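Once you scroll down, you'll see the structures, which are given as structure tokens.
Heads up, the next two complexes both have chain A, just with different partners, chain B and then chain C.
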Partner chain A sequence: MASVTPAEIERQRRQSRIIYGVLAALMVLFLLFEMKLPFVVGPQALGLYDAVGKVRDDQLVLLSVNWEAGTVGESMPQTEALIQHLFLAKKRFAIFGIDPIGPGFAQRIAERQAERLGKTYGVDWVNWGYKPGQLAMFLGLARDIPGTIKQDSIRKADLTTLPVMRGIKSARDLGLILEVTSTDSIEIWIQYFHGVYGTPVGYAPTAVMVPEAYPYLNAKQLVGMLAGIKGAAEYADLLERNWDVEMTWEYPPRRAMNAVAIAHVLIVLLIVLGNYQYFTRHRRRAERT
Partner chain B sequence: MNLVLLLKILSGLALGIGGLALLQRLRSGERRRLMVALTFIAGLFFLLEFVLPPGTTFFGLVPPADLTRDNFLSSWVEVIGNVVMVVGGFAFGLGLLNLATIHGRTLFRARAGWQNSLAFFVAMIAMTLAGLLKDHRAWVTVHDVLFQGLYQPLGASVFSILAFFITTAAYRAFRVRSGEATLMMIAAFIVMMAQVPIGMMMTNWLPTEGWAASLRIESISNWVLTVLNMAALRAVGFGIGVGWLAMSLRVWLSLEKGSYFGKEM
Partner chain C sequence: MKDLVIVWLAAIATLAIYSILYKENPIYRFFEHVFIGLATGYSIARLWSDVLLPSWWQPMLGGQWYWIFALVVGGMFYTIYLPRYAWMSRLVMTVLMGMAAGIAFKGFATLYIPQLAATFRPIFSPAPPYLLVNNLLIIITVVAVMTYFFFSFEHKSRAVRGTASLGRWLLMIAFGAIFGSTVMARVALLTYRLWFLVHDVPSRGIPHL
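Now for the complex of A and B:
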């Protein structure tokens, strides 16, 4: 293998700095200024949107939030989009997580949106909090929700005393499970809730996890999906089109989408440029020999 | 925290430490036999609980709580789940102890990088205190500053650094050297561009309905993901599933060898 000369290392370092600089500048620019770019809502986001609408009044939506600060850019707009829709569509929901950080983030969003949309804690929504994700806990949750969760995480009140939990006993009373996640936690809902009780499951993963979800979507084990920030932007589009209420965002998904768009374009251009340089150098070397 | 809960935690802790001490006193062979037996019983419990039909009793002696959905083992699932969580808690404590020992040694001996060890202790103590006392008014601000002002942006920053590495890696490493690499590049181009509005603009002139709609970049990307990608993922998933089953059987029957299984640590 040919050794890399110090001059080559220095050249690569210089190139990296230029790429970092260009990427950072473009991202900041696109995050600061909102641009209206053409947008197509995919079938996965539409499927999830319709599934929320189909939840019956006597059912509860379980919003499972399993993400941490690292994916806040993608997972927070997804969570915010879903919470706004649940509030607007008057669907009762419970925040829950097997990650200790996630439910806290969702609670912050729900409190802000509830205040804005005039919703009441304990009546329209509840936070079940964090439970360690042991299989036994999931099996218990599917059979007996109040017996497994016992009390909510804000007031520490007995779950059965909260109006939001009226008539909710087991997985059969869940109209939809929404999993917003940056971890590999979807299979448990599919296996033990959809598989056994037929509970519909919706998925909102980060973009890198999206390809792995397609077999479940194809098998109708997932009713829909929000694919990373693109999914959040699609959902925001659906909400804006269908509800005559102004949507508010801590991280506006459309703006983030535009920043991601320019990063994708830059990556494609760099791949083309890298290949052009590679072939030119290769040809020059061939001509010399 | 009420007194009963505190007493329960303390007695659980004493019982756990006593159990670990007792385990240490056993001879190596005896200890292994005990662990093999416990692993097998634990695995058997979950297997039987899952496969036995609802209404199954233990020779007519132990009836299930709900004949329509439970068998005689079902009522123990939660209890055993709690035991698993307690054991997991011990693992967490051991991990913390291990980290504190390593960083404490680096700090007190002033080895290279002692500043990082100091940062570890400061962060750990501050976050623990802020987390435990966050319900007290005086600590709310401290918790918010540490969690929302520090932890959250730091986590997001570390993750976002990936974008920079991916961009430089795409420039350096993505070379069209073979037919396979060319196919991969075409697929990557379609999927990446279909994810973003700028990419969608390329085929925005095509109609959204009819056969021509399937030539739009987002339709081609959807086909790549739902047909080509899905077939490959199903194959990988099937392989992993079979491997997982074999691995589970090996662990359950204590056939697995290595540092954590057959050999002494």
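Now for the complex of A and C:
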């Protein structure tokens, strides 16, 4: 095999920089100017949307938030879409995480949306904070929520004294578990909550984890899914179509999805071009020999 | 003023991290270490305020003195570094392993048995044709991929070889889908940082706008 010369490496580096530049410029263009690209809401996002609507008034929604700063671009719009829907649909919810960073991010979003939509902490929502993701903790949580969580994360108040926790004792009182995550934390909810108590579980992973979730959807172990930023954009579309209230976004998912779509078009074009160049070069070399 | 400083600091950090795309440099390294350090520091602070303080420290000072044993048992893990007392770490590890094995068995049943049952799909029913095609596809994929991973006998028969080969092709398609999703995830993360630079920095980082 012929060795690659330093000049060839430098040429490849230059080409990469041009590609990065073109990619960034195109994406910025699609971010700055709102364009109406064709858009379809998939059955997974619809399933999750319907599941939120089905939660009874005497039940609590558990919003499990396990993402960090590295995946804000996907996980934050997912969390923001779900929190807006929960507030608008008047569903009580608790923020919780087995990742120390996630609940802090979700709390910031919930505080902003609560102020806008006139919701009260401790009545409409609560932050349980962070608990290490040990199996024993999950088993305890399923049987005795106030005994496992003990106090909320903001006021450090006894959980049983908060109106939002009225009548909520165990996994049987949870109407839905929503897992927004960049880690493989979904299995635990399916194994010990859905599998044992039949609690419905919804999933909002980053796009990289989406293919692995299809067996769960196929087996109806998940009620629905938001597939990365595309899922967040689909959910935003559902909210805007079904609620007569203006939605606000720290990072608008529909516009982000436009930029992602144009990046995908460019990447596919470059793959086709690269393969064309490879095969024509190969053929020319074969003809010469 | 505080918001202004935060926005500009974040903008500088973003550009410093993306400078790796041009070439490796010390500014990138510095901000990479800052990011890791911040995440670790925040996690430790959260561990104390959300877990250790309400579940261990406060009950212990509040009269439940027996919580001190949690520290003793936790400390036994660290005896692994002392060869003479390493047997103590094995005690707690054995208990944990036994508990995890028992719980995992239950977890395996609730996780995989519904998935096994879900592969048994009807291919002749009054369902819409696209569902029947989907069902057929699931059944063919499961059989072909399982045949590919069946190593108990040599794949001599032409039918087995063909099925295994189909299984390999289907696996490749699945890997392609996974790789495509990975690209989508990475592009989505880049999009957010670009949004921050072209939207948040001008709107929040420049006072007159």
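A few remarks follow.
Criterion: the second predicted complex is superposed on the first by the 289 of 289 C-alpha atoms of A that agree within 3 Å, B and C clash if a C-alpha of one lies under 4 Å from a C-alpha of the other, contacts with A are read in each partner's own complex, and residues count from 1 in each chain.
In the analysis below, a residue touches a chain if its C-beta (ideal position, glycine included) is under 8 Å from a C-beta of that chain, and two chains touch if they have at least 3 such contacts.
None of the values given here were measured: they were computed from a predicted structure.
Per the definitions stated earlier, placing chain B and chain C onto a shared chain A by superposition produces a clash between them.
Of the two partner chains, chain B is the only one touched by A:G42; chain C is not.
When the two structures are aligned on the shared chain, A:N218 is found in touch with chain B and with chain C. Using the contact criterion defined above for the overlaid structures, shared-chain residue A:V260 touches chain B and also reaches chain C. By the touch criterion defined above, A:L32 lies against chain C but remains apart from chain B after alignment on the C-alpha atoms of chain A.
Applying the stated contact rule after C-alpha superposition, one finds that A:Q151 touches chain C and leaves chain B untouched.
By the touch criterion stated above, A:Y276 is placed in contact with neither chain B nor chain C.
In the superposition on chain A, contact is made by A:I190 with chain C only, not with chain B. By the touch criterion stated above, A:I19 is placed in contact with chain B alone, chain C being left untouched. After overlaying the two complexes on the shared chain, residue contacts for A:G129 are found with chain C alone; chain B is out of touch.
Where the contact sets of chain A with chain B and with chain C meet, they give residues 16, 20, 24, 27, 68-73, 132, 135-136, 139, 207, 210-212, 215, 218, 228, 230, 260, 263-264, 267.
Looking at the complex, you find that chain A touches chain B at residues 12, 15-16, 19-20, 23-24, 27, 37-40, 42-43, 68-73, 132, 134-137, 139-140, 143, 147-148, 207, 210-212, 214-215, 217-218, 227-228, 230, 257-258, 260-268, 270-271, 273-275, 278. Chain B makes touch with chain A in their complex at residues 46, 69-70, 74, 77-78, 80-82, 84-85, 88, 151-156, 158-160, 163-164, 166-168, 170-172, 174-176, 185, 189, 192-193, 195-201, 204, 208, 216, 218, 222, 225-226, 229-230, 233-234, 237.
Interface residues of chain A, counted against chain C in their complex, comprise 13, 16-17, 20, 24, 27-28, 31-32, 68-74, 76, 100-101, 103-104, 129-132, 135-136, 139, 150-151, 153, 156, 187-188, 190-192, 194-196, 206-212, 215-216, 218-221, 228-230, 251, 255-256, 259-260, 263-264, 267. Across the interface of their complex, chain A is touched by residues 21-23, 35, 39, 42-43, 46-47, 49-51, 54-55, 99-100, 103, 106-107, 109-111, 114-115, 117-118, 138, 174, 177-178, 181-195, 198-199 of chain C.
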